[in-house]
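First chain A sits with chain B, and in the next complex the same chain sits with chain C.
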Partner chain A sequence: MSHADWEGQAKFTIDGREVVGYKGETILEVARREGFDIPTLCYHEALEPYAACRLCLVEVTTGRRTKLVTSCIYEVAPDIEVKTSTERVIRNRKAVLELLLARAPDASLIQKLAREYGIEKSRYPLVLNDKCILCGLCVRACHEIIGASAIGFIDRGTERHVGPPIERLSERCIGCGTCVYICPTAAITLKDVSKPMPGVHKHPYDYEAPDCSICGEMNLESESKVGEK
Partner chain B sequence: MIKSLADLEKVASEGERRIHPPHLKVMVGAATCGIASGAKDVIHAVEETLKQFGNGAASARTGCIGMCYEEPLMDILKPGWPRITYSHVKPEQVAEILSAVKEGKVVKEGLLGKIEEIEDYTRNTRYRYPLENVPPEIAAVENLFGLEFTAKQQHIAMRNCGIIDPESIEEYIARGGYRGLYRVLTEMKPDEVIDMVDASGLRGRGGGGFGTGRKWRYCKAAEGYRYVICNADEGDPGAYMDRSLLEGDPHSILEGMLIGAFAIGSQQGYVYVRAEYPLAVKRLEKAIDDARVHGLLGSDIFGTGFNFDLRIVKGGGAFVCGESTALMASIEGKPGEPRAKYVHTVEKGLWNQPTTLNNVETWANVPVIAVRGAEWFASIGNPESTGTKIFSLVGKVNRAGLVEVPMGITLREIIYDIGGGIPEGKKFKAVQTGGPSGGCIPANLLDLEVDFDRLWEAGSMMGSGGMIVMDSETCMVDVAKFFTEFLKDESCGKCVPCREGLSQTHEILKRITEGEGQESDLDLLEELGKAMQDSSLCALGGSAPNPVLSTLRFFRDEYLEHIKNKRCPAGVCTALINFEINENCTGCTLCVRNCPVDAITGERKQVHVIDQDACIKCGVCLDVCKFDAVTRNTRNTHSGGKSQ
Partner chain C sequence: MDQLKGLVSENAYTILNEVEEKRASLIAALQELQVRYRYLPEAAMRQVAARLRIPVAQVYHVATFYSAFSLKPKGKHIINVCLGTACHVKGASLIMDRFKRDLGVEQDETTRDGQFTLQGVRCVGCCSIAPAVMIDEETHAHVRQDKVPEIIKKYRPSSPVTPVRHPPEPSPSSQTSGKPGK
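For the complex of A and B:
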């Protein structure tokens, strides 16, 4: 119940160093401000945290209990001890990355992160081969920032994927390209079809763009490489 | 309107007259399990027959008493006789049985047993049927509660199932109903109620086994508009104890929730029921309506100023919606996905307000504790796991059904004494407890005492109380694959370890069952399973590796047989086995005619042959052969076939 009983500032430690956080801040926010390196895939400072990739795991000790938590949603409190790279943290981050590499072997960001953790090749069989890692950044950006809610998650379990509601061409898409820009693995592409029609989703990850209704021009590259820059 | 104890007693005597009327009464078990085995036609036949009898004879529907293996069940109450029970009743027998009873005679066929007295746990009394002129056939028949199936059971949560008409609030009250609420509202302070539940040792029956009193205390300590919720999602395939309670005794759940609401200071509750339970929903709706009419829901209950009301929310039926945060998201109209927050729902739950969520069976225990007190409840079961637990005992067991037993009973007692052992004299191999993400417990642990902590230690869990018995013809790798596949489809798919981990676990298990596994797969499965336990977002992913990890722990050799010797010892994994016809064959052509893919050839009176390339290994030939002429090879002797 430690969350509720304090106001203002919290002094605590990250990897032994004393830091200060404010009520409502997450470990990740404080850690990044203080220059600690915690990898993330589903976190974006402009969006509600989602805690799905599980890469930002850290160990937190409160009182006598030590537990593994996702730092992107764990709110700071006085006197907690945070450790960002214990054996348990690294082991679980590696497990996540190896699973993601098996899902998206062609995504350069995943390859790079996996390599940083010493994984060249996943031991798991190739089941899907999908660049989309379901981090939900595009879905949240479209909903929270653009307000269009033109894409969402469809199905559950291993069938889960991103697409327009009921997988029909979405009238709600305004062709802004935010999803393309925010996607860390370049799984979404935008095509300039230069047709006078509203933005349509042809394929869950191929979004065709309309002419801009204001300036009449559409000037986007056909393959965004955001994640690979 | 019921405002006082005297009002309650008045309704109770009305109910008493309905439960034990001064005339002939016939009851048919009409929970979903009864209806599935044909109770509706029996009810119809009973009604038709009684119509002809005239003079006050009545029929009633009751819930499930747990003897699902004997259904349809018909109970007859005739003044002066004990209650007698007929099993496997067919509609065409009804008129004969009832006419005989009317004349004071007895049809012996189908007569299962009698009940001379019924325990009333709430009021700590026994109802004894007044006996006179009992025919010798009935005097001689066994006492139902002395039958092996029932002798070791103790129906506390199920106290009214099969005894009362679940749609009658009067009958519920006649069995001590709403006395607990009355006592709590008029004699106790909320904190005293919490202390009492805490001291009773009651732990959540929905799976986690969290202390119910403790949960209430945390919730009460949190500021806000508090809610109570009943988790009636029951997503485990094959489990139906919560459904039986809802269908057989809905008021016990309402009363439990009312008591909980008073304890934590809540005015609004929800029952989250899966939409696939239409009968449960209907009976709950009736119970809520009746409680409102009698002033037991609404404002100023028992004139104490306590207000509380309830709403039913129907769930879409996804397994993960039983998880507390997913369930609350679903009530709020959001997608039923677990939420990512480290604040507990007792502090910030439904609509971010403090929320107490308990399972159906947990709630059903509360009213009895309120009347009988904490000490009595704590005296049942084991010190750390008090009271009873309902299990749905299914699988390779002679008597399948719902059993409510004191905690601490051994697996052996449940499976052999109550369940009657394994059919056809086969060998017991394992019992799977805890639902899809539970674990498998092997024969050498049959004397394990069943409680929350012992099951955890054995790598399994209590879960909501599923218990699937497996015999020697069950392949444990196949079992692990089956549950993993279920979880893979039911995971919400949000977080990486659960979604990708289940997908990979399933893929690896699949290749092992197809004879393509490697020895290193076993370490990989264990490593992955541990990571899933450690890093998944919710308890679905956290417990999903249990089927694999527990079978690896107890049945590793069986995995290795699949991998090293390409052999499925139980003869289940189709890629690794084959069927052959041996010299016992008399050439009767029965298998030829039954093979669904016409893979068997052979003339009359000639030994038949299975075309190994066409055979789909369904085993029908083995099942139909009367001469033991079909052999199931646990290693595929046919080289060059598809499985190469």
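For the complex of A and C:
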């Protein structure tokens, strides 16, 4: 049976309880609204889901098939059965946490989550000691909300990291600090330099600022015009 | 390699003129620049961003992600010594060592005259002719250590070598300075 051709409401179950979701909603959105606890690291209501941290894994049964999916990008459909804490889900979530722990052992949020899942020590060797877990929240917030795109991912595999293009302070950075604020593991810090911050009013380019995806207003442009005077 | 000739006066703008102005053209644009310059100069990446109207951060993301792109100038000829299982068994590491010695470079380095870049690859898909070495688009079969100098000689120009070409600076008049909407 096809799950694509339906409209309006979808009745389905999460951990046996009947819930209602709407077309285009993800399992995570419905689950959070209904009060189910699904941990996430790379998810933010204001941003497009990204499915990078793999922590929001749940089990979904459609027809006779049961599979593990990332609930933050899996769209709801009628009659699916979602289970948020089966043995398989917990086992895989633990593995994800252990991998995160092997990368960012000093990040307190990772430590806290690991403790919640009863992990004392990662079974994986420490590959590098970086607080950054590559969830991409900073990159996406800078791109989707601020519209500056001053930072991005660089390199691949174990070398992958976040930084400004060409590894130099980006002229597009407006010093808003959103990346610092949104970082779940405090991997990005704001340095208080005595020089004035490269604020909007100092910005050398008047690029087109996109509308804020939350409030629908466009703030950057008006501010930069004020600053020019 | 004919396409490398006569392009010295060409800057990234003329190359990019052939690329469609849309986000999906990013990889095609970078590939074209990589072929012409043998690397991706910073100025060219900035021009790609301006032309396709995408952030430089995204261009840099893609440029550093794919191993087909290089931020450092590569040699005129790319030597890919296959280090896959079959070639490994047939002594690929010895072949690699010989190339290193004869060219005077380590793996992933480029000779000082800009002629060769030495790389190792996992499998080029022709295990029956192991150990295999690919130079540019050409495959060399059953390579033995003592064949290596001969192979290198084939690609070395007899005339004095041309140094790595750097792209000319774009003229200020053709610069759009990354402003949207032109």
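Simple rule for what comes next: the second predicted complex is superposed on the first by the 193 of 229 C-alpha atoms of A that agree within 3 Å, B and C clash if a C-alpha of one lies under 4 Å from a C-alpha of the other, contacts with A are read in each partner's own complex, and residues count from 1 in each chain.
The working rule: a residue touches a chain if its C-beta (ideal position, glycine included) is under 8 Å from a C-beta of that chain, and two chains touch if they have at least 3 such contacts.
Keep in mind that this is a model prediction, so the values were computed, not measured.
By the touch criterion defined above, A:153 reaches both chain B and chain C.
Of the two partner chains, neither chain B nor chain C is touched by A:78. With both structures placed on the common chain, the touch criterion links A:143 to chain C but leaves chain B unconnected. When both complexes are overlaid on chain A, the residue A:105 reaches neither chain B nor chain C. With both complexes superposed, B is the one of chain B and chain C in contact with more chain A residues.
Using the contact criterion defined above for the overlaid structures, shared-chain residue A:164 touches chain C, although it does not reach chain B. Once the two complexes are laid over each other on the shared chain, residue contacts for A:172 go to chain C alone; chain B is not touched. Legend: residue contacts after superposition of the two complexes on their common chain; A:49 is shown touching chain B, with no touch to chain C. In the superposition on chain A, A:68 contacts chain B only, with no contact to chain C.
With the contact threshold set out at the top, residues 153, 155-156 of chain A are in contact with chain B in one structure and with chain C in the other. The touching residues of chain A, counted against chain B in their complex, run 1, 3-4, 49-55, 57, 68-70, 73-75, 88, 91-92, 95-96, 99-100, 102-103, 123-125, 127-128, 133-134, 136, 153, 155-160.
Within the complex formed with chain C, the chain A residues making contact are 139, 143, 149-156, 164-166, 170, 172, 205-208. In the complex of the two chains, the chain C residues touching chain A come out as 42, 45, 55-61, 64-66, 177-181. Of all the residues in chain B, the ones that touch chain A in their complex are 218, 221-222, 318, 320, 335, 340-343, 347, 488-497, 499-504, 507-508, 511, 524, 527-528, 531, 534-537.
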